[in-house]
Amino acid sequence: MSSSSVPLFHTLISARHNVHVGSFHLTSRDAAPACPMPWSVRLTPLRGGRQQGVDLLELAAGDMSIRLVPTRGMGILDVTCGDLRLGWDSPVKEVVHPAFIDLGGRGGTAWLEGFNEYMVRCGLEWFGPPGPEEHHLATAEPPANPLTLHGKIANIPASELWIEVETKKPFRLRVHGKVYEVMQYGPKFELATTLTVTPGEARFTMEDRITNLAGQEQEFGLLYHINHGPPLLEPGSRFVGPVKNVTPRDEESKRGLAKYAQYGPPRAGSLEQAFFLELHGDRRGQTRVMLHNKAGDRGVALGWSLKALPCLTIWKGLHAKEDGYVTGLEPATGYPNPRPAERQAGRVPTLKPGQT
Amino acid sequence: MSSSSVPLFHTLISARHNVHVGSFHLTSRDAAPACPMPWSVRLTPLRGGRQQGVDLLELAAGDMSIRLVPTRGMGILDVTCGDLRLGWDSPVKEVVHPAFIDLGGRGGTAWLEGFNEYMVRCGLEWFGPPGPEEHHLATAEPPANPLTLHGKIANIPASELWIEVETKKPFRLRVHGKVYEVMQYGPKFELATTLTVTPGEARFTMEDRITNLAGQEQEFGLLYHINHGPPLLEPGSRFVGPVKNVTPRDEESKRGLAKYAQYGPPRAGSLEQAFFLELHGDRRGQTRVMLHNKAGDRGVALGWSLKALPCLTIWKGLHAKEDGYVTGLEPATGYPNPRPAERQAGRVPTLKPGQT
Amino acid sequence: MSSSSVPLFHTLISARHNVHVGSFHLTSRDAAPACPMPWSVRLTPLRGGRQQGVDLLELAAGDMSIRLVPTRGMGILDVTCGDLRLGWDSPVKEVVHPAFIDLGGRGGTAWLEGFNEYMVRCGLEWFGPPGPEEHHLATAEPPANPLTLHGKIANIPASELWIEVETKKPFRLRVHGKVYEVMQYGPKFELATTLTVTPGEARFTMEDRITNLAGQEQEFGLLYHINHGPPLLEPGSRFVGPVKNVTPRDEESKRGLAKYAQYGPPRAGSLEQAFFLELHGDRRGQTRVMLHNKAGDRGVALGWSLKALPCLTIWKGLHAKEDGYVTGLEPATGYPNPRPAERQAGRVPTLKPGQT
């Protein structure tokens, strides 16, 4: 009996087929016994407080563990690699269910009531600060549409979630998800995301495809809000990257411009700073940046295509530990300015009907 | 042993008695074995994406099948009659749970994030476009209350849901529901709805009763947003009715006035049009309109009382198929104008305390 | 075998440990067999309408029964003592799940869509009417943050819920809960509440502790909205208390100033009145007020510390029975005015980091 070369698929959630498996647990012992590096996948329903009803998906392979949140737009809660944790200590301790968040609340900033992920997508219709915007209704008199902080995608539960298991070398594990941001007289986006892990490697890749399901061209925006706290973030930590130029977002950021790539200690009451970067890429348009600790012996590297995500924002929230001591490295299609300004700067891309 | 003449009742949901049966399945074989035309009733919990937690109730009798959504104010998702489907292809594919919709979002148009029913009620406190309105607070200084698109009733889950089975001729099946739109210093409405099917007949009736539970007179509004897509809607389809007069809603609609009763093909980027109609009724105040396809060999007829619903709006959304190619026939207590304008026109009726 | 002096603990909900027991039932017979006065604790999931998913916790001891709502910020739905019920008949009959309420809706008054408790907390970041307020974002340009009626805490489910049982005299029963109102760039409050009942006594105590989890000083506000309807409220009922002075809230309240401590009959269409009181306390700062019926043979007494809650508001909503015939006695840190006015009056207290 030979092990099949066809990967195994397990459907965990499917709105299309009215499936939600509830809990789920699969190990390499059962699914890929030939795999020398043990792995496991576990779907757990969360309970209590504002996390009641949230699904958490945990992939563990070797000494790396990744926790995904299908209920919050397929964000990554955190990544643990040996004793290194990628993530941050948000004041929000629970994984908050979208039903408890009214994105329009708090002047359009209620998105922050659920914000605690290592990686959270901002978009897909827009990202950036709350503010006014003409809404593209198919009527002669469009009403004002107040944009809310960082858009909606992080507060939409995945409609489809399945895993893919290779039973032969390199024994890759994949998590696939689909999230829909759709309405009549509004956006019609499908986000199809695949996270791939090769057991034994201390890295993962994430591939997202956005499809415009509409019959018309549609503006979109996507920002990956990737947030680091201790231990990678500490006084003396540094950002390293092939920087072409740096623009501070505002007056407060100007004050920190000279030291934008260095990190100071937590400081209660300090204001956030943000820097807009252009980066150099290689011949294929790939770039790579790094955040490392003071000693320079631990770090994380992020690589992506500048063709898809030409802009990088560094967000420095060096607040008191209790208020969130954090820095975001945020590759995106644009910068988190008000959308009308981004549009004027030519940084609001569009997708044609059916285009991906 | 004689079959009883007393109908059977099955409670599926009752907030009053703290009941929710979860899943439910009943067939004529078990409940009305004497019925020559087999029928079934099935309550299914939906799963995945934004439909997690929604209940779907399906009635099948002969070759007709009706899908109701108790969780969304007892709307009708679609009706299938042989190979004819009544409904439309909204960009919203899931049956969206109200918890995921903040009606005030998107400038008060977030109602559209869940809009995909064949028949959805708009009301009960108001319907029509979003906009400002003085709120009837029992205080000296009422704050502004921004009205949201088409009101709240479609996003309130039914508090009571039960079915009624006749075990003797004509073996009628009834679905009863109650939905409450209530708050202190606000509306206090009970919607009691009954859908009746006689197995073997290709028709159904829906009877709604609205009761003002308040101690004061209360304005209300009710519009039945009945939406048709293909196959009934196609280039060459026609609306037919005893029309007294037609008023276009806006400039864009004026352009389509001459052909308001005819339907063209889907057109990407086209604007919606709306026409406000007065209809003739018979001596009892009953009226009837029809939508039929190009060949005129398939159609749907809607009949209602002009005393209760004197106004009809035709909504033409002849957008690209992907954006919703649809027409709504919308009998109502008024027209979907801003409520202050409707009030001035005398089209906002009131209910006295306890009045139905 | 001697009964232990160590109290027993039962965890019912814990977000920290991912626990939700679902249903729960415990009686003195099982847990404290030596207790001469039988008691029971029951956790029940509510079903149907807008109460789907709400947990109700009922404590019964002797002839007193208290119903708590962990899902709505640990409010008290009602208290029954023999044939006396503390509570009121709100137009809202269901115990509404927070997911169905968008607090920003209805001009910021949608809090009323779920308002039906005997005791509901208002706060913790603010309480009072909806209105504009500068938001304390850690940015140079804070957006406007529209405050919503009575704040958020009543619409946040408890993250932790456990009961504590004394197995020896005095056999006290305690319910502990924790509710978190937290976000980055916003409040970071922990509400830890303990309700204590001694079986056989017709009284209960509630002790709340608010901790500022932030790294910065933080304004807060807490108002206990304690609402009485029939039978305690009837024409001729009276408020009694050690009143220092009374200020009517507005013109309508001025009209009722002379009779602020007396209650008239329900009157359809009447406006609410509110009175702001200062009270005398004893040497330890404790005060006590009472509401009794016309005959003066039945009443409720409320006692609290003026150091923590120096302000008392009497709210008179003598509306038609169907609209809520109710009076609120509302001890608080301030009065329910717009927060900027309260701040100017020095009635918005603050908590230092870690302060309780």
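For reference, chains read A, B and C in written order, and residue numbers begin at 1 within each chain.
One rule holds in what follows: a residue touches a chain if its C-beta (ideal position, glycine included) is under 8 Å from a C-beta of that chain, and two chains touch if they have at least 3 such contacts.
Just so we're clear, the structure is a prediction, and the values are computed from it rather than from any experiment.
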If CA atoms of chain B are superposed on chain C, the rotation in degrees (nearest 5) amounts to 120
Counting residue numbers used by both copies over all numbers at the interface, does the chain A-chain B contact come out same (over half shared) or different (under half)? different
Report the inter-chain centroid distance for chain A and chain B in whole angstrom, where each centroid is the mean of the CA atoms. 39
Within chain B, the set of residues that touch 2 or more other chains is 53, 99, 102, 104
Residues of chain B touching chain A in the complex: 44, 46-53, 90-94, 97, 99-100, 102, 104-110, 112-113, 115, 129-131, 250-252, 266, 268-272, 317, 319-324
Interfacial residue positions of chain B with respect to chain C in the complex: 13-16, 18-20, 53, 98-99, 102-104, 135, 137-141, 143-146, 148, 156-160, 179-180, 182-186, 188, 213-216, 353
